[in-house]
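One structure, as structure tokens, below. Some questions next.
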Amino acid sequence: MTVKTPTSCRPYTLGGVTSGPPCCEPVPHVRIADLSVAYGGNTVLDGVSLDIYKGCITALIGPSGCGKTSFLSALNRLTDLIPGATVKGKVDIAGLDVLHPQTDLLALRRRVGMIFQKPNPFPLSIRRNLELPLREHGTRNRALLADKIEAVLKEVGLWDEVSDRLDSPALALSGGQQQRLCIARALVLEPEVLLMDEPCSALDPISSRVVEELIERLRGRLTVVIVTHNLAQARRIANYAAFFWMTERVGKLVEFGQCIELFDAPQSVLTQAYVSGAAG
Amino acid sequence: MNNFRVTDRWLAPALGVAAAGSGLILLLVLAFLLREAAPLWGSHAVLGFVLDASWYPLEGQFGMLPMVAASLAAALGALLLAAPLGIISAIFLNFLAPPAVARSYRMMVALLAGIPSVVFGLWGLTVLVPLIARWQPPGASLLAAMMILALMILPTVTLTSASAIAAVPQNLQQGAAALGLTRQGMILRVVLPAARGGITNGILLSGARALGETMAVLMVAGNVVQYPLGLLQPVRVLTANIALEMAYATDAHRAALFASGLLLTLVVMLLAWLAIRANRQVSYV
Amino acid sequence: MSERVFTSAIWLGAGVVTAFFLWLLGDLVWQGAAHLSVSFLLSDTLDSGRSGGIAAILLSTLLILAVALLAAIPLGLMSAVWLTEYTRRDNAWGDAVRMSLDVLAGVPSIVFGLFGNAFFSVYLGLGFSIVSGGLTLACMILPIFIRTSEAGLSAVSDDWRRNAAALGMSRASVLWHVLLPTAAPAIAAGLMLGVGRATAETAALIFTSGYVDRMPTSLLDSGRALAVHIYDLSMNVTGGDQAAYASALVLIILIVFINTGAWALSERWLARKVTFS
């Protein structure tokens, strides 16, 4: 496994293509050391170590089944919900030891939000969908709730579309709107890190593009980790990319580095093969 | 601000206690049955269940065999009447009835399933028994019990058989048709054998229900304690016996009634277990 | 057997079943409607039930059902939630509880009557009372209610549970705000099925809530349920057949309402599932 730690994050040109918009400072935000995940004795991910940089968008790419979703789930301890799941290693988010048994999960999940592949707002009104997490974490003041809801809906670009029907069922929205609502629901808690598991794959191309633009707007304010099968998407929006591959039925991290370098000048043969579409 | 671990911390144990309570009801039932029947254990009365000539509780005779035989006879007779009719109904629902007719028929069967046993008993007492009495008095007899029970378990047999038949894979039926079998041949020789696990399950469960049925049989069977030697003879089944005598039974008599209830429960549990096993059978056609 | 004979035999069989059903229903409606009237429903029992009405009986039946529901709903819901949320996958305790409930569902009603008498009436000293009857019925309703509610809760998409966890919501919160409301129609349907069974019960009530046909003044009074009334009228009261049929008609109509309600609720629940999947 090769890891390249960049010394700077300015836009640069490689192979005639200029890299994406500038990333902010390369400060490690989430540090993962020797992470491994197993379900009931069956190891799906082993020996993963990397740093996720603050404010940047990091894409996780690789074929299905090599542990990318398990990797994400370990970062906010969602693996606790799966009976028989064991997670080993160390995950540190700005001083918070994620995998420690005594860690306050409430605090962790306020700082780390997660978006799933299939948009699934709760079967409640739009307003209730956004109120519920806020109330759960202690915000009771109605005026404050209304303000936060309006702010976050504007941020995801839904305010104009739904401001007049906040009490209508969330499930009546279109797929793209539902996914944006889910993102809003995660953002309303003002997290530092946003984990996204293929957020666009269940959407049509236009909605997908809208969500993509939304993710790009988050750059600099949130650290985003996004699993995607869409390599073009990764190229478009990600600053960093981590390539996972499966060896002997166990997922491993093969290469990690600046996105543009991974695509145009990868260090590993496997990476080269994958990004050029030859394998996986 | 709620720390969610506080609410969740007592949620799990509270729910667990409730579930444990629900699970323990069965044990409670069995425990109290045993407790009330306890005075008889160890005494010669237990042998009396089998050896005594008949049931004369006031004289200390607790021979249950005539009533056990009556229960079995009634249940068996009911099954012999209801099983064929139920399977025929199931075939009707799945293959022969036009969709509108099938819907109505199914609704009718469901309605029949919901009729309480006292209502069956009432009808049996006021309509069926006099009818049989015209043929041969007294009318209240084993036959009446069998017929009423058959009517009561018919819906169960029908609906479980219909589900079992519907669950037979389409390709089996298509294969049979491709081989040139007539519809009758396909139903009788392919579908029914394939569904026999589910059908047996339904029949066994219905048998258990027939054994456990009290009110309807009480009202039409005549309630004379004797071996079921003739269809038109009055008989008393175990369940009816309990219902009739509990009101005034004391001491050993009461204990004997509880013992008969225990016996009934064990037999019903055995049948239910057999029914589950029948359902698990993979039927090879 | 030729195809024609086979088909005829099947239609004949279905015809026989239909004939018996119509015969039974016809007698019920014809004999029952004659004696049925509004005053029948609202007046007290006279002359051992030969005349007068079933007002006291209806009240007793309602009270017995109310006690049964008050006991069964909390216990049943909590058990169903535990089974769904904490023991879904290969848990020995969960399997034990489920099996216990399945066996309990098959216990004959007269045995419940014996148990109710021995435990509630004698051991707990509640005597022949509405409370004894109601609690015994609760034991009978629980298995079907719990299994149906469990099915309803399990069918609710896991996505919501995961999402709620990712948002840091407590299990209690997601249950209260999302899972239970979504599963509510299925739970209600299961409840109505249980109530339908309880309303038809006779054998379990004879020795627990008793025979008294006066208007009950407290839950510890003995009360006669509708099904028990029908039994008494037909077996112990000469000339009570008319009143028995009328009561039977009322009972059937009540049960049809309840079962239709259960069916409609479960249909609505299915419809919801389809829209939301």
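The first chain written gets the first letter, and so on, giving A, B and C; residue counts start at 1 in each chain.
Here, contacts are C-beta pairs under 8 Å (C-beta built on N, C-alpha and C of every residue); 3 or more make two chains touch, one makes a residue touch a chain.
This one's a predicted model, so the numbers in the text were calculated from it and none came from an experiment.
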If I count C-beta pairs in contact for every pair of chains, which pair wins? B-C
Work out per-chain C-alpha centres and flag the one nearest the whole-protein C-alpha centre. C
Mind checking the centre-to-centre distance between subunit B and subunit C? Centres are C-alpha means, answer in whole Å. 18
How many angstrom lie between the centres of subunit A and subunit B, each centre taken as the mean Cα position? 58
Mind checking the centre-to-centre distance between subunit A and subunit C? Centres are C-alpha means, answer in whole Å. 50
Could you tell me which residues belong to subunit A and also touch two or more other chains? 105-106, 136-137
Touching at least two other chains at once: which residues of subunit B meet that condition? 2, 4-5
Which residues of subunit C are in contact with two or more other chains? 168-170, 173
Of all residues in subunit C, those that touch subunit B in their complex: 1, 3, 6-7, 9-11, 13-14, 16-18, 20-21, 23-24, 27-28, 31, 74-76, 78-79, 81-83, 85-86, 96-97, 100-104, 106-115, 117-119, 123, 139, 142, 146, 168-173, 196, 199-203, 206-207, 227-228, 230-231, 234-235, 241, 244-245, 248, 251-252, 255-256, 259
Name, in rising order, each residue of subunit C that touches subunit A in their complex. 89, 157, 159-170, 173, 177-178, 181-182, 275-276
Going by the contact rule at the top, pick out the subunit A residues touching subunit C in the complex. 76, 78, 81, 83, 105-106, 108-110, 113-114, 116, 118, 120, 122-124, 128, 132-133, 136-137, 171, 182, 185-186, 189
Contacting residues of subunit B [partner subunit C, same complex]: 2, 4-5, 7-8, 11-12, 14-16, 18-29, 32-33, 35-36, 84-85, 88-89, 91-92, 96-97, 105, 108-112, 114-123, 125-127, 151, 154, 158, 182-184, 188, 205, 208, 211-215, 218-219, 239, 242-243, 246-247, 257-258, 261, 264-265, 268-269, 272
